[in-house]
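Reviewing the structure listed below.
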Amino acid sequence: MLQPWNKNGLTVAERLQAEGISRRGFLKFCATTASMMALSPSMVPAIARALENAKRPSVIWLSFQECTGCTESLTRSHSPNLETLILEQVSLDYHHTLQVASGEAAEEAREAAMKENNGRYLVVVDGSIPVDNGGVYSTIAGITNLEMLRETAEGAAAIIAVGTCAAFGGIGYAKPNPTGAMPVSAIISDKPVINVSGCPPIPTVISGVLAHFLTFDKLPEVDDLGRPITFFGQSIHDRCYRRPFYDRGLFAESFDDEGAKKGWCLYRLGCKGPATYNACATTKWNEGTSFPIEAGHPCLGCSEPDFWDMGGFYQPLSTPTGDVTRTLVYGVVAGALIGAAAGSMARTRKIKAQKEHYKVTTDDLEESS
Amino acid sequence: MNPAMDDSIEIEPTPCAKDRGNDLPVLNEILHALNELLTHDRQTVIDIKSLPFGPVDEERLSIALGQGEVAATIHTLGESRVTETAYAGIWWVEHRNEQGAVIAKFIEVTYMPDILKAQHEDVIVARQKLKDALETIKLNGA
Amino acid sequence: MTPVEFLAWVRGPMFQIAVAIFALGVAIRIVEIFVLGRKQDLSEPRRDGVVPGIKTIFGRSIPDTGTFKRSPLNVVAGYIFHIGLFTTILFFVPHIELFHSVLGLQWPGLPTPFIDAVTVVTIFAMVVILINRLRNPVLKFLSTFEDYLCWLVTLLPLLTGYLAFHRMLFPYQTMLGIHILSVEILLIVFPFTKLMHFFTVFLARWYNGSAFGRRGVQS
Amino acid sequence: MSTPAERATNAFKEQIDGPIASYLSSCVHCGMCAHACLFYTETEDPRYTPINKVEPLRRVWKSEYTFFGKLASKFGLTKSVTDELLKEWELLIYDACTLCGRCSMVCPVGNDIAYMIRKTREGMIAAGYAPRGLKDATYRAVTVGSPMGVKLPALKAQIKHVEKDTGLKVPLDVEGADYMALLSSMEIMNFPEYIEALTRLFDKAGVSWTLCSEAFEATNSGMQIGSSDIEGELIQRIVDGAEKLKVKYVISPECGHAYYALRWEGPNVIGKKYPFEVVHILELLDQLRAQGKLKVEGKLDQKLTFHDPCQIVRKGGVVDEPRRLLNMVSSNFVEMEDAGVMNWCCGGGGGVSANERAEPLKLTVFNRKKSQLEKLGVNTMVTACANCRINLEEGIEHTNMDVEVVGLAETLAEHLAD
């Protein structure tokens, strides 16, 4: 299903029509696309108008220092679903995990797509880019990731950084970052880069962003971290169905207590939901089946930068990440020692003052004083 | 021992009844939408996927809305089902793909969901098709 | 600095710095009081000062009727503020988690909406306290920069906590970070100001209560 | 140590101890002590807020005895004690404080402010900043033996009168007596009834007692002016007298600060424990009452009240004794508002009455007592301090009130059963 399509230059509407799909079918397509982009259903007419003229974009998918989890997320759903629909509308010209071609032929396909669609193609990146020592830690066909990204980005219309590694550096970037891993945005500054973070990202969000580009020929509006606001505009906590428990102060305190069984809030078990912006709580996973909190596990905050370095996954958000107990103990001990020393010095001054005592006598009481 | 393998642990079904109720605000929103329809002739579409539903919230909403008089099936790009709820003017619109999986689900508050109506473009095609058909019949029937 | 980096900083290195200054400063100030000590009182006590001293430690929390009648606003607002402040600090579940992680102790929390209401009331009480400080001639006369500073650094955690809880003003990470930072500022300011009374009040009441007590008066 | 400010600073350094450090660390500037102080309540001058009065002491504590303050002082960030400050504060520390200790009872953080003001006076007098009148009184106390200049012949003359009136012998310099009674100059000069009362009461109760010709003066201007050197010198005279007569007890008279100085500060300023016990006359009388040795007859039926002398009641711990004694001789004893340990000062204690400069302020703050009395509607007020008594009489006269002030011991003596 994800093979490069022959480019036929038709718009989406034309293509659907050519396949004998009715206008009603097109409407259905528009409605589901709106839902996928997390846009309001009231946007359907605008989407319909846009899709009338939308052409299939060429997509080049670059996989760098990554685990293929992002691609898995997108492709390994147990049944063909919503995402397929939109992926059928794009021309995936290069994806070294999925494409049939390999070796030089694969790289040729990439170069061909770049040449043919110069200035118009979309680059999707998953994985971080190691930059230390000239980027030697990860190469494809002898080309470093760094070089390939720069080269491919050159003629791109926009770049979609898929997954937390591409968006924020992810695990490669986590301390001590031995390869000098960097996110896409740290390397490419002259092209629009959108971050679809998550480890992995929600498949619908990836396709939603693609759909947006396909529909409106531009990237959706983004937040401060370059993520599409429609999906990352609200925190997990804001949209969590367990939120009422948080508000009422009902918390699970271990994974097998009453609270856990009753589905209470997982804050005390380290849920990072309040500080994590993503669409899991509404879009959910596995065809809308569930998401981690619904399955009884606290949110890890995987769509946020540095989530690997934000203290333990099971450490509540309100707690410090370092060993504060030690600091407290050392501080008190050191303070007590300094206090004792300062106090002794004060005592010495006091004794000295007592030695230098000025004795008040009747002389001090007479008129002249 | 892996707790998951321990038969003595009884995992309760996630309760929902009194503790939750994310369906209630939605019902309120629907009521508001009905008002809008009646007073301003404005229709409302709610995307179920955009709601922070917990387990069985959707079921509860479905039960609350009940079954109405109309149930229609549309066959294009997979099946779509349009069913009226027990409350006139409130509809479920459910889109499935060719493999039968639900890909989008809406509640529409309107006199008639647009997708049920024959579309202008389709009618133009239909006119041509019927014309062609008639020609064929004439030719053949003569 | 992104909101996430900011949050990581206040939860990490900044927290350590604040706790280090707080622990060091508080320990210095308390220990130096003890080291300074006091001379043995040679007068024959009417009774032992220990029990009256302990009684004063607790009893002084209740104002005498005369004081209450003369400055009811001060007393009532002060009460609400102190009780409110400690309720929010000690019984909000995320805070309990903080104490648990640092001290290894935990206790049951109170329902969040209750804490929320207490916060509002406490902030209100603090505003009343400030207005009183600005308007009452004695308080106006006594007040120094330090008094207003202490008011501010005490108010900020309440206010930012409220804003963070209600996810107002900034993205949550930023607001939570600001809230934690405000607490860190409070911790840092603490040992250098009258906020020290949190600890020394027990010493002061003890010294007062035992000195009066050995003379036969429950102060 | 040349300048006054340096002398004051050094004295503060000598005086500051753990309690003071904890008090100054704890003050939150809540201002509640102002409402406990009659100098504030009657003038509404915020400078009279008790905690403000210890500012000179606070400065020295901060810059000398706190680690952070010491550090700050190295950078010139702390304030030091100056002549100007001492001069200004003299008016607050001596004229506007009677050391009544009411503030110490209300401070929510538990600060014993009166204790700190007492310590502050040490530095003030070391620097020479004390009111003229108090200096003079103290000078006379040291040189003549009494702040009012009363000498032994004057006492002997009063003894003669008393002996004539009562027909009883007033013991003087009786070695081996159980009790040695002290007097205040005011009692000798203004209220000789007290000597007569003692003579009759002790005679009836069979108390073995004596006066001492070398130590009859109980008052201690040294405490009031705040010099432990002078206070100690005056205390030592009493200790010497008591040791010479080998008494078991020394009786503090109806004088507030004399009791506080002798009973609570004395051993500390001379640096050793006494070889005798100090009892207040009211304590002793109450003991006699309990033992059945104090028999009275007839009860006063006019409405009367008791004025609590601060140093005896609040700061001295003699609280219930005067009440039990008064109830023996009165059928209509009523308490003032705030009676007991929270009672309001007469306004003349702590050396204020010896300080002519403070006279107008003293009369202003008397309004507190005046309104207390008016609320009760009494015409008789009993007290147990000659200084309170004179001061109250003065205030009553100044405000044209119709209230008689009497001493408790003499009231009891009047009702002695034959």
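A few remarks follow.
Residue numbering begins at 1 within each chain, and the chains themselves are lettered A, B, C and D in the order written.
As a working rule, a residue touches a chain if its C-beta (ideal position, glycine included) is under 8 Å from a C-beta of that chain, and two chains touch if they have at least 3 such contacts.
Owing to the predicted nature of the structure, the values given are computational and were not obtained by experimental measurement.
Taking the definition of touch as given, a chain qualifies here only if it contacts chain A and chain B alike; none does.
Centre-to-centre, using mean CA coordinates, chain A is 39 Å away from chain C. If you average the Cα atoms of chain C and of chain D, the two centres end up 37 Å apart. Separating the centre of chain B from that of chain C, both taken as means of CA atoms, is a distance of 57 Å.
One inter-chain figure worth recording: chain B and chain D are separated by 92 Å, centre to centre, where each centre is the mean of the chain's CA atoms.
Residue positions 25, 28-29, 32-34, 36-37 of chain C are each in touch with at least two other chains.
In chain D, the residues touching two or more other chains are 16, 65-67. Counting partner chains per residue, chain B shows two or more touched chains at no residue at all. The chain pairs satisfying the stated touch condition come to A-B, A-C, A-D, C-D. Touching chain D in their complex are the following residues of chain C: 25, 28-29, 32-34, 36-39, 41-44, 46, 56-57, 60-61, 63-64, 66-67, 70-71, 74-75, 78, 136-144, 147, 150, 191-192, 194, 196-197, 200-201, 203-209, 211-212, 215-219. Note for the complex: chain B touches chain A at residues 3, 9, 11-12, 14-15, 19-22, 45-47, 49-55, 57, 74, 76-77, 80, 93, 95, 97-99, 101-104, 106, 114-115, 118-122, 125.
Against chain C, in their complex, chain A makes its touches with residues 224-225, 235, 237-238, 246-249, 251, 267-268, 274-275, 277, 304-306, 309-311, 315-322, 324-325, 327-336, 338-340, 342-344, 346-347, 350. Contacts from chain C toward chain A in the complex involve residues 2-5, 7-8, 11-13, 15-16, 19-37, 93-95, 97-98, 100-104, 109-115, 167, 171-173, 176. By the touch criterion given at the top, residues 21-25, 27-29, 31-32, 34-36, 38, 40-42, 44, 79-82, 84-85, 239-245, 255-256, 261-263, 281-283, 287-288, 290, 294 of chain A touch chain B in their complex.
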